[in-house]
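Written below as structure tokens is the structure these notes are about.
Just so it is clear, A, B and C label the chains in written order, and each chain counts residues from 1 on its own.
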Amino acid sequence: MSDYIQYAIDAISLGGLYALSAVAIALIFGVMRMVNFAQGDFITCAGYAILLFGVHSTWLIIPVALAGAVLVALLVERAAFRPVRNASMPTLLIASFAASAVIQNLIILIAGSTPRSVGILESVSASFVTIGGVRIAVLDIVTTVTTLSLLGLLTVCLYKTSLGLQLRAAAENFTVARMVGVRANRIIAAAFAITGVLAGSAAGLLLAKTGGLSPTRGLQLTVVGFVATIIGGMGNLFGAAAGAYLIAIITVALQTALPVQIRGYRDAFVYGIIVLFLVLWPDGIFGARGTVERV
Amino acid sequence: MSRTMFWEALRRRAVPASLVGIVCIAAFLGSVGSVGFMIQISTLLTFVVVVVGLYSFVGLSGVVSFGHISFMAIGAYVAGLLTIPLATKHVLLPELPGFLATASAGEPLATVIAGVAAVVLALLIVPVAMRLSGIAAAMVLLAVLVIVNVVISQSDAITGGLRAMTGIPVENHVSTPLVWAIIAIVVVFEFQESSVGLRLRASRDDEIGARALGVNVTRERSVALVLSAFFVGVGGSLYAHLLGAISPSAFYLELTFSTLAMLVVGGMTSLSGAVIGTVAIFALKEVLRHVERGLTLGPVHIPARPGLQLVGVGVVTLLILALRPSGITRGREIGLGSLRRIGSGRPRGGENVPEEGSLAASE
Amino acid sequence: MLKVEDIGVRYGSTQAVRSASFEVRAGEITALVGSNGAGKTTTLKAIVGLASLSKGTVFLDGKALRRPVPERLVRRGIVLVPEGRQIFVTMTVEENLRLAELAAPKGKAQEGRWTRDDVYERFASLARRRTTSAGALSGGEQQQLAIARALVANPRLILLDEPSFGLAPQLVDQLFVHLGELRDSGTAILLVEQNALRAIDLADRAYVMSQGTVRRHAGGDHDRVKEELINAYLGPAERQEADGV
């Protein structure tokens, strides 16, 4: 029984990380109709920021990670995405892919491609608590609390603040939002800043869990985030988060259920199952918003 | 065929003729230059095959595919398994199941089989992906890339896993990739001009309108995917024989990005774009590769800088998308000396005219 | 207040607007009428910056508008109410209005400033449906919301694109009464309408647009405008036939 609880905690913790990426991608898609392939690279950049500035003092980690990610996000928006803002969807898709490639290779150019070891929050990642007979890693608790808090904050922002009002309007109909006075540049920058915050947080949690850092560290999160938003329903933030948790559950379930000989194929099975989900629910499990053209 | 139709058809064939001319010139230059240069040209021609294959799906259907390199991987590994000399195979991959251990074929046949193997993969994908909308299909194709990558990496016995499959006989003369490049250009052009191709292009420019006209978008896209898989698979085989050794990491997102960049920079919606874009990006990469290795300009020594190539390709791609979204060729085909529009402009017979906001017209 | 001189707009290879010139004055309703596809919507879009001009100039308060940005024009008091209302259906009535309020020119002591409360006073049915999702409103209520939304931004000039579209006749009557009241309170209105004859009757000046070109008209010579309008719809040759019958 306690095994199952452990798996559940693993899934929730992993799902939280995935959700941070998925929601960020869904947010940008909602506002710009573009899949931000560079989301994972924002995470990687935050990781390198931590490596450069934040390793020595625990208090520095959060501001450094957040600042690093937000800066990169705003820079990429201004340099790579604004020039192609009104282009067709395939163009936007490839532009974000190109931006991702540029970031990754700039990191290689500047910092080299050899993986680094980043040890942060070591006291946290090594400690456990026992609740009701189950041994739980403190880091998992921290991850879950952080993730849920961030998602909660985002929801509050979207539904209780003026900024959130403008974001929702822009997501529903960008042109009409402008007609009502929503400033295009500012709102998109705000959206990217939010994704920067989500990315920075993910970077901190990720490095605390496994301290390896390489230029492609965030890549997997991009792929998972992208996939999660599709099966959750494009542009639907709640769906993206749900999709992320679903992928995490499937991953953890397979990790434990698959016989050892084929456990290496775990990710192949995960993505295979995802594809099956899409066959059953082509518009995403919770339905897509804003992607179906009205004739 | 009436006389005017005949001459019109002949005139349009100027396009593939010009493109074939370009690759032939490249091949000729490769064959008379140094060995190093010849290898570069062979690689270029191999990528022409791959990108033309990529174009026949992405360019014609408008669905961005992140998964085509999985076809290349399949092609490369299948061809490798067939052409590694039996003795070497026995040593390097001792755990191969019976028929794979003894199967052997010469490079030409192996290349064809590689293409067919990729087609098999495509046929598996078709019922799942082709019914979906653009972005969902793109995601499925990305999932395929990941799945194939994982499977190849884990199947040590068959593929050598993460270590690499080595011992593939190296064949780097320009003639083989040249022949395949010509075949690819001619076949894809004919496909593009065929009724299937026309209907597909109509659906690219206006999916809803095309469906309203009775175009079975799913079926057309499926045909295109299968055709493109074949050529990308063939390209994989050619690539394997250029390198002599392949590993799964070679067939992942880096190569996906490079090939998409080649297509997009040239012009996603024209065959000429596929060829010209490949040449352009290849040239750019070569220039940057020399800089990457470190070069000495007089008294100035620029030290080796890996990563520069892809930064350059990425930046160029972004510039093109911002300044000239339809690519170097503006999405048109090249004719004998003049840029002619194919598939847009005044309606001819059953052709569809693309509206503003479509890929072809977006600037 | 607003002067448009010989503007043209191009979409790809089609010339949507060939030549449009007209004027809109404060406290007046200017009607722009014409058949479908004449370029009226495009003209409005070009004025606020949602379509780019291939030639000509738009003058606001005597100064030329260079590359207008819609969200900035809202803060200068120019609001476009688009075709089909296009309110935010996922948000409530209250939220729709709050959104527009954010962009109202602040700190300007304008007479008759519209606040949300003023709007609720004026449009009783909206007041009743404050917390309803805008998608659940009837056609007429959506039209009211669209106009209310524009008002809350406190505009000097409202551009309306086919506001009577899809509305039942009584609602159209109400609408035109509202517009008259707005005009009387000093707001300038540029009205694009399919309901041409009614628009011309309401307007202080009217222009007819056909095939991308606006034909000038002096003041309120309504009969002449109507004649020009019939010409635009039917074409002179057909018109003679129609007369003959």
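The rule is short, and it goes like this: contacts are C-beta pairs under 8 Å (C-beta built on N, C-alpha and C of every residue); 3 or more make two chains touch, one makes a residue touch a chain.
Not measured: the values here are computed from a predicted model.
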| item | value |
| --- | --- |
| Most remote chain, CA-based centroid, reference being chain A | C |
| Identity of the most central chain, Cα criterion | A |
| Averaged-CA centre spacing for the pair chain B and chain A, given as whole angstrom | 31 |
| Centroid distance [mean C-alpha coordinates] between chain C and chain B, Å | 51 |
| Mean-CA-position distance for chain C and chain A (Å) | 43 |
| Contact set on chain B toward chain A in their complex | 58, 62-64, 66, 128, 131-136, 138-140, 142-144, 146-147, 150-151, 153-154, 208, 253-254, 257, 260-261, 264, 268, 305-311, 313-315, 317-318, 321-323, 325, 357-359, 362 |
| Chain A to chain C touching residues, read off their complex | 162, 165-166, 168-169, 172-173, 175-184 |
| In the complex, chain A residues that touch chain B | 35, 79-80, 83-84, 87-91, 93-95, 97-99, 101-102, 104-109, 113, 219, 223, 226-227, 230, 234, 262, 264-268, 271-272, 274-275, 278-279, 282-283, 291, 293, 295 |
| Complex contacts: residues of chain C adjacent to chain A | 48, 50, 69-72, 74-75, 79-82, 86, 88-91, 95, 98-100, 102-104, 149, 153 |
